[in-house]
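A, B, C and D label the chains in the order they appear, each numbered from 1.
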Amino acid sequence: MKKEFLGLVKRKQEVLSVCILWTMVVLAIGLMAGCGTEKAAENSSSQSTAKTIIVGTGNAYEPYCYLDADGNLVGYEYEVLKAVNELLPQYKFKYQIYDFSNVLLSLDAGKIDIGAHQYERNDERERKYLFGKESYTTYTTYITVSTANSSINSLDDLQGKRVMTSTGNNTSYLLEKYNASHADNPIILVYVDHSTDEEKSAGLKNGIWDATVMTKRDTAKLNRAFGNGQDILKQVGQPIATSQTYFVFSKKNTELQEAVDGAIKQLKESGRLAEISREVLGDDYTERE
Amino acid sequence: MIEIKDVQKSFNGQSVLKKVSLQVEDGDVVAVLGPSGSGKTTFLRCINFLEHADAGELSIGPKTVDLNRASKREILAVRRKTAFVFQNYNLFNNKTVLENIMEGLVTARKVPVKAAREKAEESLVWVGLKEKRDAYPAQLSGGQQQRVGIARAVVLEPEVILFDEPTSAMDPELVGETLEVIRKVAHRGITMIIVTHEMSFAREIANKVVFMDGGVVVEEGTPEEIFGHPKEERTKKFLSRFINAESMYYI
Amino acid sequence: MNGVGEFFSWSRFVDDIPRLLPYLPVTLGIVAYAIILGVFLGMVIALLRIHGQWFFQPFLRLYISFMRGTPMLVQILIVFYGLPIVLQALGIEANRWDKIVFVYIAFALNEGAFLSEIFRSSILSVPTGQMEAALSVGLTRWQAYRRIVLPQAIRIALPSFGTDFIALFHGTSLAFLIGVVDIMGRAKTLGASTKHALEAYLFIALLFIVASALLRLLFHFLDRKLSYT
Amino acid sequence: MEFNAVYFWESLQSGLTYLPRTMELTGIPILCGFVFGILFAVVRVYKVSFFSPLIAVFVVIYQGLPTVVALLIFNLMFMANFNAVSSSLSLGITAAQIDNIWIGIVVLSLQAICNIEEAFRGAFYSVDNGQHAAALSVGLTEVQTLRRIILPQMLPVALPMVTNNIVGIIKNSSIVVAIGITEVLAGASIPASKTYSFLESYIAAALIYWVLTACVEYTFRRIELRGRKYRRQLA
């Protein structure tokens, strides 16, 4: 018995080392395959003449780009791009989700072909990226404060106050520009890159931040979720920015940009874009607010 | 026949072995004596390439290797013809007694596991540790560990077994059982080179005694010659100190 | 208006569980890749550190020092954006690889550095007599390593390896910061779609606490089981 | 995408201006860690009833919690509940008056306390039992024994682990970007929000952390060597 056992132990050691070896081989192959899939997909689709386009979008910005209860990517950006892709059979859109601060960076790095995360134009961005010519949403932002706050009514009232924003977004850009010309008493910008909606509403309600800047529909969303039937946030003053959002491309990719623009134009003319907006966002935000 | 010629070795510029040579006939039991620091352990380790000699030659049978410029294959070949018994036993801590003895047979000599196990078990009976076959080294006394160490060397059936002060790390009451086993090895007619401080044991078991001091062989001869009529002054001085100490020990 | 009622409810907590658990394999995948590749890399580096030529040493030391001295988060980001540039120079187009591949690589590189130090010190703490004895019975150096020295070194490394393993497991929760949807990332996206992240975070906290405690137990058990003294 | 030295330099400068914040985020936790960590270790070694198991449970739970998760939970709890708690205790402070760096400091402090407690407890057990008995036998009190015999012997054992912990705390402090505290990492990425040169920012941040941790390791190695020399002289 004992002898058998010893033999078994020896064999077991060997079996173990063989197992380890194979696990490593399999993992290595898996890794290669993981790296290779995108390429492989590209190759096979180029045979069927549809070029794979990687779209980079966010995963936590409801209702534009987020994951539903089952973990699938859904939202306005996705629906619009799906409709665009239907009009452009020469392309096949694939989606990669990123944290907001990493989308444009990934475009820069060549990891993606289209950035879709409610991007507005500004000079700095246009210097580096190619913006679409056709907008697909209007994006009018207002100063947003707690309903209990009555002292803030305009941009100038924000001087010396704490305003929550995140790195790389257009609000930060505008407020930084404002600060550059009001260096004596600047707005205190608090950059929070990974905030959840809970943090936003709790932070504003409890005075962690005095204000932030967002669209009417985003404010309404937070009030619905956390207000228990009452409004906890309100918007004040004139719009901070009235702008449109565009898809973003890398500088040299004019061909893709023109194709997508053409498709958006078609969607606008056919009324399909407005329809998507009403379905997903609750109203038509494609032309004006 | 084993012949070691002109081994030289220095550590950090300090010469430890200065042209040491030794001839060992088949079946010889050679005892290497000498004060600590005389280079006897280093000499033994050079033979097994555990220490890299600066110069020297080693012949085992017809084959001769340069101790300084031996290739990897030559070193391995020498090691497979020799076995080593360590001062601090050096049993494989992660292996049982039986596995310790089988390791060299199975892995180095490619003996089939079944045959190796039979041989190992036989050797365990022989050193009187049959019941400890599945124990780990940490569970054994020093004397028992050294007996396993000897069994591990003997099963390899080497041309020569090198003993490096096999009993000097042991409690005194365990020395006897270990020497008994070494005696049994000697009676088997296996060639051995033993570095030891056990004078009376060396006198009893060896047919050739080498006295080393300061990195050179001072004197060599039969036990009667060295112990009975030492010629060199250094040998006399060394032996007198030891014989006195040993006889006192036996009182 | 009570703050707690507004932000925490047990029913949402329960609802979140089935939505989070399917993403646990993503987290475990990162751990698996990091550990297996890390053990391999760590072993190679440890052996190179002990036996390698002198000119390797400064590079290896620099590598280990960087991996040990900079935040994991920064390392993930640098691998994510920097590695494709390095690979491009070698003619490999890595930009379109899946995000998760970069996470695997980042964690494996980091693990490799940490494990190499653990392995190195445990290999060095195996008495030299063990190697000598193995050589004396005729084993080759490689055989001696594989059969005598490494098994003992692994045994010595086990407790530190356990601590490191738990730290790695915790570290994976950073992958969501580049948008990888592991269990942490899922909690964040759940927060976005349901407007309530607290319940999901608490569940993850609970999961990590229980898993860490189990891992500790497992390593404690292994430590006793593998003891040969 | 290529490496731009000018952007890198900008990021490095911007990151360095936030170095004091990182110092604050690591210095206070390390201080707390030493004070309470050693205290808690003593409580556990001497098995003080009630407190000892309490600390044991706390350590297991808190060490099981990844830093990010702890930060997110603490932050949310703070934002949602601080005002209610404050007014019920009539502290007269609102959440707005408290810099959120304190959330980071609290989270990291608790972690430092747990880690340093574990390191010191391990070191306590490494001191030979005979030392304790011998000290008592020559008439030292329990406190004298601890202060004059046990602590000096365990410090060299604890030091390498404590060094590791301190390096860990410095590195972990970067995770506070998850709740919007601006320190070295976030500071270094501020220029990038305009220029989108994040890679340069991250490398700049890595460099600052690297130098910082290397300094810590160097200092502690010197202390360690000195301690060892002292021990050898004694022996």
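We take it that contacts are C-beta pairs under 8 Å (C-beta built on N, C-alpha and C of every residue); 3 or more make two chains touch, one makes a residue touch a chain.
As the structure is a prediction and not an experimental result, all values here were calculated from the model.
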Check your understanding: What is the set of chains touching both chain C and chain D?
Key -> A
Point to revise | Minimum number of chain-to-chain contact steps, chain B to chain D | key: 2
Check your understanding: Which chain is the middle one, judged by CA centres?
Key -> C
Check your understanding: Which chain pair is joined by more contacting C-beta pairs, A-C or A-D?
Key -> A-C
Practice item. Report the inter-chain centroid distance for chain A and chain D in whole angstrom, where each centroid is the mean of the CA atoms. Key: 34
Exercise for review: Using mean C-alpha positions as chain centres, tell me how far chain A is from chain B in Å, no decimals.
Suggested key: 75
Revision key, fill the gap. Distance between the CA centroids of chain A and chain C (whole Å) is 29
Practice item. Starting from the mean Cα coordinates of chain B and chain C, work out the distance between those two points in Å. Key: 47
Check your understanding: When you check chain C against every other chain, which residues touch at least two of them?
Key -> 3, 6-7, 81, 177, 197-198
Review point. Residues of chain A touching 2+ other chains?
Key: 102, 105, 109-110, 194, 196, 198, 202
**Study point:** Per-residue multi-chain contacts in chain B, two or more chains
**Key:** none
Review point. For chain C, which residues count as touching chain A in their complex?
Key: 1, 3, 6-7, 19, 22-23, 32-33, 36-37, 40, 81, 84, 93-101, 104, 176-179, 181, 185-186, 188-198
**Study point:** In the complex with chain C, residue positions of chain B that touch it
**Key:** 48-50, 76, 79-80, 82-84, 86, 88, 90-95, 103-104, 107-109, 136, 138-139, 152-153, 156
Check your understanding: Okay, in this complex, where on chain C does chain D touch?
Key -> 2-4, 6-7, 65-66, 68-75, 77-78, 81-82, 85, 166, 170-171, 173-174, 177, 184, 197-198, 201-202, 204-205, 208-213, 216
Revision key, fill the gap. As the complex stands, chain A meets chain C at residues 23-24, 27, 31, 34-35, 37-39, 42, 54, 58-62, 66-71, 96-99, 102, 105, 109-111, 194, 196-198, 202, 221-222, 225-226, 228
**Study point:** Of all residues in chain D, those that touch chain C in their complex
**Key:** 1-3, 60-61, 63-70, 72-73, 76-77, 80-81, 83-84, 167, 171-172, 174-175, 177-178, 185, 198-199, 202-203, 205-206, 209-210, 212-214, 217
